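Next come the structures, one after another.
Below, chain A partners chain B and then partners chain C, in two separate complexes.
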Partner chain A sequence: MKEYEAVVIGGGPAGMVGASELGSHGVKTLIVDENDIPGGQLVKQTHKFFGDHEHYASIRGFEIAEKLRGDIQGLADVEIATSSTVIGMYPGNTLVYAKDDDIEVKVSYKKLLIATGAMEKQLPFINSDLPGVYGAGAVQTLMNEYGVMPGKRFLIVGSGNIGLILAYQLLQSGVEVRAILEALGKIGGYLVHANKVRRLGVPILFKHTILRAIGDEEVQGAVVAQVDDKFKPIPGTEKELVVDTICIAVGLTPLTELAEQANCEIRYIPELGGYVPVRDERMRTTNPDVFVAGDISSIEEATTAMIEGKISALSMIEEIKDVNLEKEIERELDTLALFRSGPKSVRIRSGLKKFGVKQRPVPSSSQNGLQIGPAGKLRAIVDCTEEIPCNSCEAICKFNAIHIGENINSTPVVDYDKCTGCATCVSACPGLAIYMLKENPDTSTATLGIPYEFLPIPEVGQKMWGMDGNGNYICDVTVKRVIKNPNKTNIIYVEFPLEFAQMVKHTAFPQKSSPIICRCEEVTLEQIEQAIDSGATDFEELKRLTRVTMGPCGGKNCKLIVLGILSRKTGVPISELSHGTSRPPVKPVEFSLFSKGGDPK
Partner chain B sequence: MRGRIKFHPILEFKEKKKIKFYFEDQEIEAYEGDTVAVALHAAGIRILRYTPINGRPAGLFCAVGKCSSCLMEIDGIPNRRSCMTRVKEGMRVRRQNKRGDVV
Partner chain C sequence: MISRASVVIIGGGIVGTSIAFNLAKMGVKDISIFEKSYISSGSTGRCGGGIRQQWTSPMNVRLAMRSVEIFRNFKRDVGMDIEYYQGGYLLLANTDEEVIDFENNVKMQRDEGLDVEILTPRQIVERFPFINVEDVKMGTWCPTDGHANPQIANIAYAFALKRMGVDVNTHTTVEDIYVQNNQIIGVQTSKGYLKTNVVVNAAGGFSREVGVMGGVEIPTHSERHQILVTEGVNHILDPMVISFHNNYYVRQTMHGSLVMGQSDKNPVQGIDLGHTIEFLEEMAPKMVHDFPFMKHLHIVRQWSGAYNVSPDAQPIIGESRDVSRYLFAVGFSGHGFMLAPAVGEAVAEMIVYGSSKTVDISNLSIERFKKKIKRERNVV
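And now, the complex of A and B:
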């Protein structure tokens, strides 16, 4: 049996930061992780994280995982056991893990950090066990970690951050998100995340739930309905949605089995996510040798998980190495309190109170409304009016034009005398909530610069659609400038009529759908109408311009419809229109038939 | 679009070494590093087993080794988490029926 000073279970953000802190203090540490590379759920996150620069704000999740991995891989005192699943805890500070599904390894520790994270909650509805119903995180794993898309048309249940982020990531991968359902009357996650998907046209249906999945062997649809104030479905409001994949994003619940086996007291605190280990402010459980950090102790963001990982590691180091790290611990506790001081953390604060962990005093925060700034100047508009823990725009601005202040939850205030219109903040903002605007009264146009994270990247001169915050068409826009950024948040500058300056929030490729009239040659109603508008007045002309009726069916399918369109547009009755000349063959036959020639002898 | 994502605005999916394995005796192509569940999803297969009591189809739910919804028979051994088991060349994978036979 191998002996370690410290063992860390779980290689997510909390576990990796913990192991890194332990290792850099010379503690002989083993970190055990189930996956073949550590990173936890960060590896499937493609969005930029909120927070401050010390905690990787504006960096994408999978890149944070790479950085944290680099930190622990470089430490001589940290041993990493990958593809290793801890299967049980035993007396005498020992545990057993299975490596690669077959080798059993037993190790002992002086101090243990359990950072096992959480798993997705189930939501029981009829056929919720059908293939095609996934946890939201499962779809993220498939698409972002492995590049595999499990469906074409998605329904997401739950508008917390995971549901909102998933919707955005699905759209980035080129599939359709039919709707996001939310049982409450308001968005569960951050407003900026919701705005990102709304302007792309994804409806968030409030006071709605899923009643059943449709399908025999796999999901082929969903029945959804409105709910009343007691979350009971309202009869008569049922709607059927055609989707092939349903994603459940109704929250996470901590994975506490190993903590239970390690004799830590577990208590049910719904505000923290369910059953959680009882612990003190410094992350020590009721077993003095066992600490917890991250989602196992309360369902939150990766930033708070990282801070908790550090706090627990520092507490462990104090005892293992008999050193005093009071100052460092206090500093981390203050940072953690700051991150948790916003209105979005009210449940966490009240949950922690039940353990006797009180919220430390923090500088007050301020909520400021949307500033439009001086018209006519190219400037940043920061559409970030909800208090969330993030100050990446303030930190990135070289001109000190954005102010957030001591409490990271305060909403940004722009100093328009200092703003140079450089747009650095546009590509840095994790919420994609900043855009550039300039009114041009001389040409009666407006110029808008928006963050753009889709493919294909529009080209200068291209005509596109300007969309409002709900994804509705507002006006045509012309692409004027494209800035490709290394962090993949590109900026597209578009120009459009001045009167829409405050309305356009996003741009999309024109998507006019028009019914196919000629099935053989795939000619749409719009193409036929355009040909008539451009001067075609009879059937023969239409045939030559569009190839309608000239495919294998010889016009059997569509001739009458085409004549009807021509009659409607020109005002000439069908009976008076020429309907062309019929020629052989009237059915598709092989050419060889003609080459044989004449009557069979 | 179901299956492998070819273009992505943020991520780069490098083409990996292709390997072959068998699902219900049918040859399936996978990328090295894929889990069994991933490779099957890439091939459009989402039904991974039939449940022990009611014989209902079941598939992937959490994809990270927690929920045990994706148990399959892999190389003759039942109850293996297809979301955590890497595909290997020539591996034989079957939909698990019921609880799986004791070998």
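And now, the complex of A and C:
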């Protein structure tokens, strides 16, 4: 039996940061991880992470894993056991792990850090055992680690960050995401993550759940339905989606078995993710030799996991080496409190209270509205209005044009006198929530620079489609400039008619299937263009021929887009085109409204 | 725009484009047509779209029957699907006077060769169970009546004209017609002058004003009629239904929406295309009464158009006695769309052969107003 001062179980962000801290203080440490390469969930994350630069904000997950691996591999006192699964905890601070499935290894420790993370929750529905039903993380593993794409048309259940990120990664891989279902009436994850997939045309269906998978041998579709406030499906709202893969992303549940075996008290705290080890502010469990960090202690982000890993390691070092690390620990606890002070962490804060872990006082955060900035200047528009713990834009801006302030959850405020239009923030923003905009009144055009993480990269001069925030076609755009960035968040500058300056949020290559322009009457771009090609010269003629704008919304949604198409095809500026006559009712009303035959005068 | 036209047609509505189409089909070259706004901007683009043969005047019955023949082959001959649907017309009689009147009309219509049935209220309910017949005494039913999309029909003609080489000018106003010694010599438009010896006034709501340009008094006036459309629903209403007594017409389009209108009590005279809340307040209770399923149907839009009305509510078609080769096809009194295919054919024949051949419409000439006239009664 080998003896170590410290053993860390789990090579995810919490475990690796913990091991690295232990090792750099000269603690003889073993880190045990069941995968070939340590990194945990980070290795399959291709998106840039939120947070601050100290905690690897703006860096992609798998690259953070590489950095953390580099940190521990360089430490003489840290031993790494990969492909090693801890099978049990035994008396006398002993644990046993299976190396490569065939070697039994017994080790003992003075102090133990359990950072086993979490596993995906399952969702019961009819036929959920059909091939083609996956956990979201499983699909990420298949796709991003092994290069296997398990399907072509996906349904994702759950709009937490995992579901949203998976949807984005699937779209990057060129497959279709039919919908994301969310049982609640709002986005589970970060709004910026949701916006990334919405502008690519993925609908997020609120108050919806899956009832069953369709298929005999494999998934061929799904029946989904609306749910009421008690999450009960509402009869009559069922609809079928043709999908071949269903991904369940309804949350994670902490992996506490080893903590339990190590005699740590486990309590059910739903706010933290389910059964979790009871622990104090410094991550010590009810077993004084055992600490926890990361998702095992509360389901959160990688940033908080890393900070917790550091706090537990520092607490362990104090006792192993008999040193005073009070200052360092206090500093980390303050940072952790800052990260947890936003509205997205309400549940975590109330869950921790149940352990007696109180939220430390922090400077308050502020939520600021969307700034449009001075028209005509090339400038950054920061579409980040939800308080989340991230300040990568503020940190990257060399001109101090973006301010977040003391609390990292505050939303950014741009100082447009200082913004030079350099677009550094566009490629740094993990939420892809920043774009560049300039109005050009001379040519009646707008220039838009958007973050672009798809292949192929568009070429200058290419015609593309300009899409709105929900992935609807707005107008044709021309690629004017392409900036290829080393971090793979490229910037594509496109130009299009000025009228659409505030509407275009993304670009897409023209598709074979024509986009729907008028959603009320289901009129496609192709139908409108055909009507113009056959001789229609006026908006009113187009309307009569195709029914465009004639539905219940009366053209509120698409009239300008139709005028834009007509203008592009005929060369007549929008301002010179007739746009028809507005008629009552502005909103459809029932005949019964007039049942009395008129309001007496 | 060409500088010399064999025929100038004023008005790009269904009547003008139908005349131009028939002329072009007969081989006439250098036809110019002028529309002051866009195609279907006038009454055609605002009308209900019914195609009815059940009229009180034999002339209207004949013209409508000929139109139905043409509508049947419209897609083949003009080149576009105009949502033509022969779901019939159901005319409801609500009074004893109407019952007598309807019986006489049916006799005349049958003499003209039209297949019309008389239905009891019970028979009506059996066939069309969604109609409330508590106030209905009788109905007449012609299964070959129907409806189509008037806007698309109008634009279909215009597109065909462009393909056939007709000089189609939209957003071009005819400002004057030059006449010398009772002969037309040319037309001044907002885009320039062009020479011609033949002018057809198919100006719909503006027929009187265009008549004056050529020095011809035409006894028409325009009045506003209002109309509304609902959201689209599954097909439920096969026939177009009219109640003269309750003052409405209603049809379901192929899109699923229901289009309906009435004659306002004191219709606004002239070209006024506004809308009133009273129209909705008057329509809603009576429509819900006769068609209870409409109660929770949504109204999507209301609008209005001009009826160009003649003294006997029948069209005025023919050549002026005072100005040679000045023809008119005006005063359709709210039923121009359904008659347009036959009228276009007849007017083209008048221009080419000197008189209408397929249907003799000589008694629709303006000269009839010198004698005592009999008014068409089946008008909403």
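Everything below uses one rule, namely that the second predicted complex is superposed on the first by the 512 of 601 C-alpha atoms of A that agree within 3 Å, B and C clash if a C-alpha of one lies under 4 Å from a C-alpha of the other, contacts with A are read in each partner's own complex, and residues count from 1 in each chain.
As a working rule, a contact is a pair of C-beta atoms (placed from the backbone, for glycine too) under 8 Å apart; a residue touches a chain by one contact, two chains touch by 3 or more.
For clarity, every value in this text was computed on a predicted model and none was experimentally measured.
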Partner chain in contact with A:590 - chain B first, chain C second, else both or neither: second
Contacts of A:547 with chain B and chain C, given as first, second, both or neither: second
First, second, both or neither for A:537, with chain B first and chain C second: second
Between chain B and chain C, more extensive residue contact with chain A: B
Partner chain(s) touched by A:268 [first = chain B, second = chain C, both, neither]: neither
Partner chain(s) touched by A:454 [first = chain B, second = chain C, both, neither]: first
Common ground on chain A, meaning residues reached by chain C in one complex and by chain B in the other: none
Chain A-facing residues of chain C, complex: 38-41, 45, 151-152, 155, 158-159, 162, 170, 231, 255, 273, 275, 277-278, 280-285, 287-288, 294-303
Footprint of chain C on chain A - complex, ascending: 534-538, 540-541, 544-545, 547, 550-552, 554, 578, 581, 583-585, 588-599
Residues of chain A touching chain B in the complex: 34, 36, 41, 46, 60, 62, 85, 101, 119-120, 122, 129-135, 137-139, 141-144, 146-152, 172-175, 217-218, 255, 453-455, 488
Residues of chain B that touch chain A when the two form their complex: 1-5, 7-11, 13, 34-35, 38, 41-42, 46-48, 51, 56-67, 69, 80, 83-86
